[in-house]
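In what follows, a structure is listed as structure tokens, so that the remarks can point back to it.
Order as written gives the chain letters A, B, C and D; numbering starts at 1 within each chain.
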Amino acid sequence: METAEQIRDRLLARFPGAEITVVTNPGLSAQHSLLLGSPHARAIAQFLRDDPTLRLDQCSNVTGVDWPEKEIIDTVKVTVPDPAGGPPKVIEQKNKRLTPAYLEVVYHLYSIALRHGPVVIRTRTGNRSDQVDVPSLTPVWRSCEFQEREVFDLFGVSFSGHPDLRRILMWDGFKDYPMRKDYVDPDDYEWEPTPHDEVLARAKVHYPATPAAPEPKA
Amino acid sequence: MPEDAAPALTTAERDELRRQGILLTSISELYNWGRSNSVWPLNFGLACCAIEMIAASMARFDIARFGSEVFRPSPRQADLLIVSGTVTKKMAPQVVRLWNQMPEPKYCIAMGACAISGGPFKQGYNVLKGIDRFIPVDIYIPGCPPRPEALLHGLVELQKKIRGEKLSGPGAPRHLQPDNDCTYPVPEFGEHDLEPPRNPAVWQPPILTRPDKA
Amino acid sequence: MLASGSAAAPFSSASVRPVHDEFHGDLLEVSMGPHHPSTHGVFRMMVTLDGETIVRLKPVFGYLHRNHEKLGENTTYLGSMPYTDRLDYLCSMTNNWAYALAVEKLAGLVPPERAEYIRIILAELTRLINHSGLIGFLMQDTGCSGTPLMYAFREREKVLDLFEALSGSRMMCNYQRFGGCRVDLTPAWVDSARRLVDAFPRFLDEFEALLTGNEIFMARTQGVGRLSPELAVNAGLTGPVLRATGVGHDLRKVDAYGLYPRFDFRVPIGAHGDTYDRYMIRVLEMRESVQILQQALRDLPAGPIMDPKAKLRGLRPKAGEAYGRIEGAKGEIGFFLISDGSPNPYRYRIRPPSFINLTVLEDLCLGHTVADAVIILGSIDIVLGEVDR
Amino acid sequence: MLGSGIIKGLAVTAKNLAGSFHDPARYVTQEFPEVQPQLPENSRNFPFLVADDGADPMGTLRCVACQICEKECPPQCIYIEKSKDKKPDAAGKLQLYPAVFAIDTSVCMSCQICVEVCPFDAIKMDQVFAIATTDRFNGLLLNREQLAKSNQYYHSIHPTEATEVDARLAAERKAAEEKARAAAAAKAAAPKPAAPPPPQPPA
């Protein structure tokens, strides 16, 4: 099967102006992926499905990933000229930067006809709050129908063009997106016999004020 | 026969009399004996434990030996609700509704860790931390999942409990109390959690007596 | 009225008839489940009926949504292993294997030969109990109450005894580890497994004599819930449901994971894609599993059962991602893991076969009666622990 | 012939019905409360703590309150508090012990990860399953006293494994004694007394 770079080159030739980048997977599995820009994503997906050399007729797995803002500290060595006129010094400068926050949808494509795969494609939202639209690939692969609904339900990605975008696992009046990294669980651990960490911290709020209990002596 | 005449005899004496062909019993004993040997569970499976519940009703464990093989699909015909598996928040209102639809006298077995306390899934956002927050539970069977034998043991314990019930007086069970209405409030879906998250008439968090960990 | 989505996706619309607005008064919406004896757990279907014919069916999920994926992100790689048992709680061994495979891809571990053989033995035993149990439940749905399910559970108990003797637990085995297996097979275990496997075809013959030729069963299932191969592939179906439509897609052959290429077995495929084919595929697959088991138990090599590089605690795979999948009893069960180098996975995603197989439930049921919908649902083989996770 | 399939099926059920009277393969019912099941050796249900001496279980717990199992337990159902003082263990070395050791069996998922990660063979899986109770909070939260069971009990439920564990512990103890003797010899040779190393779990 073609590598991710070869597929990208072929796609760029077919869809001039489309944003397609290869996302390298540093892990041992080396399953690299193609990041597709939203405007062309559905056309590209259709092409991948129907292209005779790829024929990715099965979209096996659709999932969301939440990437909140993360502070990354890059340590850069900078050569600073000495104001006193001495030899220039090399100092380590720490640059803080924030990675952009976005939600990502990952599709794993396989070909049942040609027995190869996976080709991994990704789409990304603009941010995590108001620009959460990505094109739905349900018109291309029916298997995305429920899985995209699940991503919508748990991550809050809105799929434009999805035929029936409703919550699927949680109830309809639910307001949060529980699989996001910053989701706060409802406070329902009133009493746990073996509390730990955050459960303990949350449970403590519900403990009655116990003046009777003797203070543990140090 | 007056109700407390029979308990004046010990069990051994009564067994001896039974061997001699004299059946000595009280109304309440006869009544409870009959009830305890025909506990019909609701045909209601939630998760993994339901498979063990089905296994318990199959040939090898044969729950029919205890008179409980009649799994009723309708709550109107059932005496026993076996909460077999994780109760999620989405499912909790339905479980309470089923419980409300069952006629008294009715009993509830919380089978498995999830039904008792949320079990391994207790840290999940959609998992109810124990069905006893909404309905009264008679028997708790720990295990994940409990073996079918453990379920049978739980059933035997429930039968013991039923046999020990009195027919009148302040110690009488719920269904014989005059001011009992057997409905429990059904929680509603809220924006973040169930509303209310527990039924205070049924469940109060116990006071933690252990000193906090440093 | 038919909210069946977009025009581009192929729908098996032969049996669908349009419902006009003026018929609205005649339609009846029925909520089946979540407490319904034939929904295989807490599954719910919103069924719109015209008389007794289904004109619309919307599945409602989430009544057993136990937050596996969130829990998996908050616990270590090892800590998620017992949770995978509870996904598809009839097939804990294959779930374990799929998860172990994904982590092995992520962390670069290679299980030794004996461990691979053990995995194959356990996975095929799992397939036997899943398929026989499923047929029992399917018969329960057709109204054949009790007998086949009881026979299936009689055999299941024998396999569960083997699982318990090996792993300690009947259902929740928690047996596979990253880079191998937890405990070794004893010769006594292999002997009893061999006895079971040799006796299993006799049970299958009996089971088939009971069911396969039964005229009532044939009348209830043949031609019911037909599925075209194009829709099946496009809707991401896998496992016996896909193979019943005539697509010979079996990951044991396609991906050739584990040591499956060493084994001689055939992949049965169906011709009509109806409920009867889905039943027959499972019977035939059990016979092939018996073949695999006999070969595996015969050739079981000696040797270690763990990759020497593997360690039990503190697994921190290099940053990256991996998708590992195997052919479970219900279809392709896959795990997608993203590691950021910490002890917990950054993203832990389960690809649940029975959830995705439900995509076509509406297409299968349209035009049939409610009683048929129950059988069709039964023949898809869902386990709610996996559908809702 | 129409109906032959049904007749064939009925013959199977008839065979099974008749067989259940004489064929043990077809009569599989176990009379549970009267006949206790023969659990296989590996069978597991809930954890217990191994005490070397059944007569004084609290004094001879193998657990040294290292809290590894508490950290690794997937459903977080173990609660341990370290003791403030130390007690000699079976090898005579001073060790911490658990002042509080509680397992919430209403949460435990019987996964035996605590057993696998324990470096001291102090926690093992029990086979008791008939523990249904009417009291959730007092009946299912097991404390140190309820969890402690003797090594003899361990031998009675998992004989093969317990023998291996005993052999391994004896070997470790012997190695530790030899090391201590060597260290003592070295110390005697060296002029300056070194502080005793803090107890470390073996890697």
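Definition applied: contacts are C-beta pairs under 8 Å (C-beta built on N, C-alpha and C of every residue); 3 or more make two chains touch, one makes a residue touch a chain.
Worth saying up front: this structure is predicted, and the values here are computed from it rather than measured.
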Item to check | Chain pair, C-D or A-D, that carries the greater number of C-beta contacts | outcome: C-D
Checklist entry - Between chain B and chain C, what is the separation of their C-alpha centroids in Å? => result 32
Item to check | Rounded Å distance between chain A and chain D, as computed from the means of their C-alpha atoms | outcome: 41
Item to check | Centre-to-centre distance between chain D and chain B (centres being mean Cα positions), rounded to whole Å | outcome: 30
Checklist entry - At which residue positions does chain D touch at least two other chains? => result 28, 74, 76, 79, 104, 106-107, 109-110, 137
Checklist entry - On chain A, where are the residues touching two or more other chains? => result 169-171, 178, 192, 199
Checklist entry - Which parts of chain C, given as residue numbers and ranges, touch two or more other chains? => result 62, 65, 67, 70, 82-83, 86, 154, 157, 172, 388
Item to check | Chain-level touch network, classified as line, ring, star, complete or other | outcome: complete
Item to check | Complex contact set, residues of chain D against chain B | outcome: 28-33, 37, 45-46, 74-76, 79, 81, 100, 104-110, 129-137, 139-140
Checklist entry - Of all residues in chain B, which touch chain A in the complex? => result 90, 122-123, 125-126, 129, 189-193, 197-198, 205-209, 211-214
Item to check | Residue ranges of chain B touching chain C (in the complex, touch as defined) | outcome: 43-48, 50-52, 54-55, 58-60, 73, 85-86, 88, 90-91, 94, 98, 114, 120-121, 123-127, 144-145, 147
Item to check | In the complex, chain A residues that touch chain C | outcome: 25-29, 31, 46, 57-61, 63, 65, 106, 108, 112, 115, 118, 120, 138-147, 154, 161, 163-164, 167-171, 178-179
Checklist entry - Quick one: in the complex, what on chain D touches chain C? => result 2-6, 8-9, 11-13, 16, 28, 39-44, 68, 72, 74, 109-113, 116-117, 125
